[in-house]
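So that you can tell them apart, the chains are marked A, B, C and D in the order they are listed, and the count of residues begins at 1 in each.
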Amino acid sequence: MRGNDNTAVILIHCPDRPGILAVVTEFINQHKGNILYLDQYVNREEGVFFMRVKWQLDEFQIPQKKIGEYFNTLIGLRFQMTFRLYFSDTKPRMAIFVSKMPHCLYDLLARYSSGEWYVEIPIIISNHPDMEVVAKRFGIEYYYFPITKENKAEQEAKQLELLKKYKITFCVLARYMQVLSSDFIRHYPDRIINIHHSFLPAFAGAKPYHAAHQRGVKIIGATSHYVTSDLDAGPIIDQDVTRISHKDTVEELIKKGRDLEKIVLSHAVEKHIERKILTYKNRTVVFQ
Amino acid sequence: MRGNDNTAVILIHCPDRPGILAVVTEFINQHKGNILYLDQYVNREEGVFFMRVKWQLDEFQIPQKKIGEYFNTLIGLRFQMTFRLYFSDTKPRMAIFVSKMPHCLYDLLARYSSGEWYVEIPIIISNHPDMEVVAKRFGIEYYYFPITKENKAEQEAKQLELLKKYKITFCVLARYMQVLSSDFIRHYPDRIINIHHSFLPAFAGAKPYHAAHQRGVKIIGATSHYVTSDLDAGPIIDQDVTRISHKDTVEELIKKGRDLEKIVLSHAVEKHIERKILTYKNRTVVFQ
Amino acid sequence: MRGNDNTAVILIHCPDRPGILAVVTEFINQHKGNILYLDQYVNREEGVFFMRVKWQLDEFQIPQKKIGEYFNTLIGLRFQMTFRLYFSDTKPRMAIFVSKMPHCLYDLLARYSSGEWYVEIPIIISNHPDMEVVAKRFGIEYYYFPITKENKAEQEAKQLELLKKYKITFCVLARYMQVLSSDFIRHYPDRIINIHHSFLPAFAGAKPYHAAHQRGVKIIGATSHYVTSDLDAGPIIDQDVTRISHKDTVEELIKKGRDLEKIVLSHAVEKHIERKILTYKNRTVVFQ
Amino acid sequence: MRGNDNTAVILIHCPDRPGILAVVTEFINQHKGNILYLDQYVNREEGVFFMRVKWQLDEFQIPQKKIGEYFNTLIGLRFQMTFRLYFSDTKPRMAIFVSKMPHCLYDLLARYSSGEWYVEIPIIISNHPDMEVVAKRFGIEYYYFPITKENKAEQEAKQLELLKKYKITFCVLARYMQVLSSDFIRHYPDRIINIHHSFLPAFAGAKPYHAAHQRGVKIIGATSHYVTSDLDAGPIIDQDVTRISHKDTVEELIKKGRDLEKIVLSHAVEKHIERKILTYKNRTVVFQ
């Protein structure tokens, strides 16, 4: 989905039973949709069927506006499906939240400005003024919201207004060192992606590299996840690790960790943009 | 140290100050010891110097029995060193503890019987009779100690007696599913190696693969560590990880984990046999 | 397919066109087969459809002996399919070829004797007598065929006879240091699995660790592949790597490589036993 | 060496013999240099000693200008040492060469402008105009040299002049798709770092991702190395790999490869800036 290639993507989960796959693929084929990708998976223990299908709309006989309705009526209801339908003519709109560290921000903006992703990034929001210089380099609006205990609710309200104004569809916390309120999160369920600088669930919370060094682990990691009201406990999207040794100081862990963080965050953002992630019971299904 | 190659190894730590390295290497060179390996590391934050030196004894002018004394008198006391001295003519003697799972046991015994390690394994101890068949294949004595809450202290006493009888210098818990008492552990400080089937400190305790699956992590791991009286919290020796996906069931995590466990445990055992591990403040320094 | 669980597996490839997936899944569902796993993949560039389906036969209405014929008549011919059908009541029969190194052999036998795999290993064949002691430990027949330039054709003929006698369905070269003749290979197309001790295509041929050391690479690897008449050039099944440094001697590369080799070979054997590998144009499709 | 911290670094190699380590550390200690890092390694097979030492100059009694001379006279000549001496008050000056792909360029510039490295990057040189927009974002001079067979020698002469004018000490080829002439390379021995988009020595030369896809490998890689007159055959500095599957198209390999390339190149640049690399017989010793 690198551009408007006139395609649709549907993400489905429902109770497993025979024939779902056949019925869905027939629905598309029969109406002259050309399936480009199909990935399905059945969770046998819980009896749940998951599927992602992407198909070409060029000759599809059902008008785009009606596809959701038809699908629901003809198939969704019958199989008790939860589904989400996306079209390539709707470009996702992303807001970046950042504090003072530039490495994740640069990685996101480099990919964005190189045209790697089919996404629009109209705004960067920060609780510090430091990263405005980076935003300017890439010509993106920078909004600075200093946050204190006292003004937090008020500032979040303004941020939400801004997101609304810019029609933001999802948020990316690129080492944003402020805990979002449950109220804020509620506006973007499964639509706020955070990078945590540890191999979760190890070292949740503050100063994970210090904690890792203290514990003497031999591998450190980074974790991208959707934000929920439980701190660092939302559905994990991606993780990666790197080997360290007793010789590495906390500063070296922080340095090595930066490379993990930016790659793991960008991978999660990419999967989200490509509509490849489905959440279920606080876990993710990440399609290929 | 693949055999009795007539070498000595010294592991040292002490407060850092200028000249330690020069003094120690001079001590060896001047008395006609030929240094084969030297690895040193300074922890700048805590001001601690760590070193491992291995040298050839063939023409060393100080008699083997006197080396420790001379080193301590001439250097150790002056630099407030804590040191351990090992000689290649003393072969380490290892006991394996196992319960019902054979994968780590086989990996240890395959390396042992292939002559990969300079070690003697005279006994295998178990709380179940199942693995006796494996022990027999490799011609190793198998001692079965069924353990209940009531008889635990008594059985551990018998195990300790056995270890003494066989002059065991260190123990390896190859998926031994019994928590050793603090009393037992006290007899083998930094000399009991355990494999925990998770990426510690994540998922300490029972059923880590179930917990990992439940949490929806994208990477699982295994950790080898020295056993202390804090469960799964001793100094970490080695860790490794492997990537999983939402498609992996708990059974598949267990299967993938087996390969991690056996390799990570065997690596730790190898480092221990080669006298390459030094513990300090519940962390390990693993020399190369 | 850990045992005879009364299932069938079909591996299919054919020119891609709409509806294949639906037709195959319907064929199974409609005749009361319960699909347990389905993995499909379309190679868009070459227009080829690949699929693996595993289903329960308990209530399947077509008799097992007739499934191949019915499937071919009703679906295979129509879609120009190449397919292979396997039933869980036919246990694969594996022969191990080994020379002098025990690490891969032990890893295979440990898994086998622990019941990890649904396979029978009746014989071990070698060009050296050294590994007989290992074969005996596991109670497996060991056949020793010393090979010279002069007797090679003759010895291979005897080996083939032996494989026939024991109804061997596939062979595993566990560091077998003899090149098999094209004639021999022809009897077991895509049924001889080799482990090569390098990250192919780098360092094909003899002494890859020496070559890797000479070249100064920072990562070494191992590769399992099906044997074809082109040396070290057959379809790759699995690869893995490990990091090394300038400090590692050739001996240390060999030691580190052993762990890669045994795991990479065993993974390939497992995928083969589970009927998860399909070869196409000298490449493999490895289903999940 | 994140800034001018008033330190010296010496990189040494020489024939191994007893006492080198002691003599060098004494030389520094005795003249009131405070050793910050020391890493040494002995290649036993070839009998070569390698060392990197970094020390504080604050109270060092030999004037900076004289250190090289004194060291050579007192120690270097005696031990037949080849050594290089660096001081933190000399900031390395780097030129980036780039063609049309921005990912490595962005990664280098992001680290540079975030102050991660103690380096000056005054110029970017390209054979295409495309990346000027990126250079401008970071306020760096961009020089465009279109290159044809006919003008290559002439253009390289101009590039060399430019490097001289800007006092460039090393060059980084950030996916620069032009082979440099042997003549050009001769001006910067062990001072031109290239990123090759394969796991060398596999797939040297053009279109490595296409070749990797064609061969059906299961892992792809990237390699940073010093440029020599043998194409893609210079001393390897760093490598990294990522797992792929049969599902990955060439385009997906290219995408996954980008993340490897930028990280592997930046790691090599960092090691070079920190004076941690020594080359010997077309291999590198990379100190910690």
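We take it that a contact is a pair of C-beta atoms (placed from the backbone, for glycine too) under 8 Å apart; a residue touches a chain by one contact, two chains touch by 3 or more.
Since this is a predicted model, take the numbers as computed values, not measurements.
With respect to chain B, maximal separation of chain centres occurs for A (centres as means of Cα atoms).
Over half of the residue numbers at the interface between copies chain B and chain C are found on both sides, making the touching surfaces mostly the same.
By number of C-beta pairs in contact, A-B leads over the other of A-D and A-B.
Work out the mean CA point of chain A and of chain B, and you get 42 Å between them. Between chain A and chain D the centroid-to-centroid distance comes to 36 Å (mean Cα coordinates, whole Å).
Listed for chain B are residues 44, 247, each touching two or more other chains.
Put simply, chain D touches chain A in their complex at residues 102-103, 106-107, 110-111, 113-114, 116, 137-138, 247, 255, 259, 263, 266, 288.
Of all residues in chain C, those touching chain D in their complex are 41, 44-45, 199-203, 215-219, 221, 235-241, 245-247, 249-250, 282-286. Those residues of chain C that touch chain A in the complex are listed here as 18-19, 21-22, 25-26, 29, 34-38, 40, 42, 44, 243.
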